[in-house]
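Chain IDs A, B and C follow the sequence of writing; residue 1 opens each chain.
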Amino acid sequence: MYGGGNTFEGVKTDSVAQEDQVKLGEFEGRIARGEKIEPSDWMPQLYRKQLIRMIEQHAHSEIIGALPEGTWITRAPGFKRKMALMAKVQDEVGHAQLLYSAAETLGKPREQMIDDLITGKSKYSNVFNYPTFTWGDCCFISWLVDAGAIVNQLANAKGSYGPYCRALERICAEESFHLKYGHHCVIYLATGSSIQREMFQDAINRWWPPMMHFFGPADMISTHTPVLMKWKVKMGTNDDMRNQFLDMYVPKIWELGFTLPDPNLAKNSKTGRWDYTEPDWEEFKRVISGDGPCNKERLEVRRIAEERGRWVRKALKSPQAAYVPPLA
Amino acid sequence: MNNIALKELLYKIADDQLILGHRNSEWTGMGPLLEEDIAFSSMAQDKVGQSLAMYTLLHSLGEGDPDTVAFTRRGNQFHNCVLVELPNGEYDFSLVRHFLFDTAEAIRFELLSNSSYEPLAQLAKKIRGELRYHTLHANTWIRQLGSSTEESIARIQASLNFSLPFAMGIFEASPHENELIESGVFAGEKALKQRWLAKVEEIIHQTDLHLPDLNTVEPVPGGRVGKHSEHLQPLLDEMSEVFRIDPTAEW
Amino acid sequence: MDMNSLDPRVNRLSTNTYPVPNEPTAPLDQFGTFEVFVQPKGDKPFQHEGIVHAPNLEMAYVLAKEAFTRRFVCVSLYVVDTANVAASPITEGDVNIYQRIEDRSDQPGEKLSYEIYHLTRRGKQHVHAGTVQAVNAQDAMVKAKHQFNSGKGICSVWAVRTKDIRFTLPEERDLWNTLPEKKFRDASAYKGGDKLSVFLQSKQKSSDHSGHSDNADQ
């Protein structure tokens, strides 16, 4: 699950001018033709670097994202919800595995990526720095945060890098039940008792601001990197993605009789875009830099998981092995 | 044949699977290696799914619906062995429990595939492949961790020593043993335990581990008759936490 | 360390301490990689799906089974160490890789069995094309050129020595038996449409009803 919007803040493109311009032309021609780039191809440094960063952050988002929902597995009400949630959270761990593998084809070893996550050097989707207080919160993530991630994933699946596209194809196939399951849970809450309805409304009220942050800072305050769009690394602007999400899901939320905590939220018939209260981007910056409700805990749990597994991995390692990056 | 004996058998199997499935699911997202996290999670899902199949059989025999039976009973109404309710501890304990329990479970269902109670025989045949994976996984891990570093051998050995008394509780005899055996529903805990021991010994002998003489192991029984450790009720409370917010609601 | 978390699993961890280690993570802490191939149906070829990190071949098989064959219906699996996959370069556009593989005369030495895989388009996965007898991977590609070159776009070839592969044993084929029944991971198991319609209709009815009452009051 991945918001992705802030990955490309502050990208420096100076290195592009230093690249072999003939090779660069061939590389860009391939992308323009819609042909995928594969691991053994020549690629500009910036492309390799930004892809690693993006795919790695996506992977981190999945493994961290497994925590706020994973906590509800033992508490999921009934077999149907429980089996689905177990499979869904497991898929998230599986997606992390697929994505780290894709990033590895670009030359960065998986343990390096995991270390960078734990030390705070690499980021993950900010939405997971918030707590899931209730089953309603869990359902919000399962439906709407997932929906946001799918908007991104579908866009990125048309990107230029082969291994990432292959991973996303598999991820999108596995995700198809996640979204339906999430919506199903919410329909039951919406059509259930007043306790259930209030639980979900309460969750919406708390999660809507992080959801508006999900796709990253507004276009007007973001730095734009046209070359990343040209290279099909970034597939749409943050506001484009956000509007797509609002188009698809606000009506569905309203149809269930829930309200959204933004009196200005409305589709503007003139612009065809959504009007809304501008999210607090200072708050976003604060949380993504480490000062959110759950940042410390998420990373600490991840660090502890790695620590607890250290003796296991040590026991299985063979000293002769040499590192070979994966092929595809 | 007497349904009471059959139901008691089904309940203990289902409760074992439900509780162990929950414990193993607690590792999801926190495993020692991503791929192993995924594998352990799959086996947890298998267990919960199998318990659902068992509770569904019980429902067809007149017991409550699976959700009610699984999520509203009190601890002293559960018939799982104490081994499966213990907290996860570190990975060495969870793996050893997985090895000891799943070795027994695979043999139990092997025996049940010949059950005179047709639905149970069908189910046993159906899940054979799932249980094959569980034992393949457990054996591979125990063999490897049981023969590598000093630390891993020491940890696995300590977990083995700790778990064996609780593992004996898997085979606690039912008051209806004879009836189950005579009616052909199940070959009985004694037969199961014998075959289990042979299999466990076979694997342990392939490692640097040592299997204590079972005659020196003091069994911890009670689970089968509702006598549990202090760990079960908190887990059950957790499992029913959302349910209890509104017991009449559909979730 | 007590994290006082909302997550009961995390609170259960709190009783132990897990100090931050002084030494950095060792290389290959997460192990080397193994390529995973899956057979979707009995009459279809094996196809590359991805990698697992694992300490050895047997563990790679055990882990790949859940990493790559837990979700969608399939019938078999095998794995091989990434280091044991010989990969040709990848071509541009429509160029067939076999045009780049030079013919060589029969090489001396013991012939071994090699599995050959083709990539028919950038962005897709390598698919098993067949088996050849050859003295090494390069020779295997030459043999494959003669036996499996369909003339259609093949942009990359992989060759793997058969004995390096951990195949599924015949008795292990039941590992995937229950996959088709696991409907709880199908989108079709979560059709909320009916419940939603009933809800929307009753919402509509109550707003119609309140409209009538207003009229009646006039």
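By our rule, a residue touches a chain if its C-beta (ideal position, glycine included) is under 8 Å from a C-beta of that chain, and two chains touch if they have at least 3 such contacts.
Computed from a prediction, not measured in an experiment: that's the story for all the values here.
Novice: Using only Cα atoms to place each chain's centre, name the chain farthest from subunit C.
Specialist: Most remote chain from subunit C, centroid-wise, comes out as B.
Novice: For the chain pair with the highest number of C-beta contact pairs, give its two chain identifiers.
Specialist: Per-pair contact counts point to A-C as the maximum.
Novice: Can you compute the centre-to-centre distance for subunit A and subunit B, using the mean CA position of each chain? Integer Å is fine.
Specialist: Here the centre of subunit B sits 36 Å away from the centre of subunit A.
Novice: What is the distance in Å between the mean C-alpha positions of subunit B and subunit C?
Specialist: Once rounded, the distance between the two centres reads 30 Å.
Novice: Distance-wise, how many Å sit between the C-alpha centres of subunit A and subunit C, to the nearest whole number?
Specialist: Once rounded, the distance between the two centres reads 20 Å.
Novice: Please list all residues of subunit C that touch 2 or more other chains.
Specialist: Touching at least two other chains: 8-9, 30-31, 52-53, 55-56, 59, 67, 70, 184.
Novice: Would you mind listing the residues of subunit A that make contact with two or more other chains?
Specialist: 67, 70, 74-75, 83, 87, 90, 94, 97, 188, 301, 304, 308, 310, 313, 316
Novice: What are the residue numbers in subunit B that touch two or more other chains?
Specialist: 26, 30, 33-36, 38, 41-42, 49, 144, 238
Novice: Name, in rising order, each residue of subunit B that touches subunit A in their complex.
Specialist: Those in contact with subunit A are residues 22, 25-26, 28-38, 41-42, 44-45, 48-49, 52, 66-67, 70-71, 90-91, 144-145, 148-149, 151-152, 155, 235, 238-239, 241-243, 245-246, 248-251.
Novice: Once bound in the complex, which stretches of subunit C touch subunit A?
Specialist: Against subunit A, the touching part of subunit C is residues 3, 5-10, 13, 18, 20-21, 24-33, 35, 48-53, 55-56, 59, 67, 70-72, 82-83, 85, 87, 89-90, 92-93, 122-126, 156, 158, 184-187, 189-192, 195-196, 198-200, 203.
Novice: Can you check the complex and tell me which residues of subunit C touch subunit B?
Specialist: Touch list, subunit C to subunit B: 8-9, 12, 30-31, 52-56, 58-59, 62-67, 70, 172, 174-178, 182, 184.
Novice: Give every residue of subunit B touching subunit C within the complex, in rising order.
Specialist: Touching subunit C from subunit B are residues 26, 30, 33-36, 38-39, 41-42, 49, 87-88, 126-130, 132-133, 136-137, 140, 144, 238.
Novice: Provide the residue numbers of subunit A that touch subunit C in the complex, in ascending order.
Specialist: Of all residues in subunit A, those touching subunit C are 30, 33, 35-38, 40-41, 67, 70-71, 74-75, 80, 83-84, 87, 90-91, 94, 97-98, 101, 104, 109-111, 114-115, 131-133, 162, 165-167, 170, 173-174, 176-177, 179-181, 183-184, 187-188, 190-191, 255-257, 297, 300-301, 303-304, 307-308, 310, 313, 316-318, 321-328.
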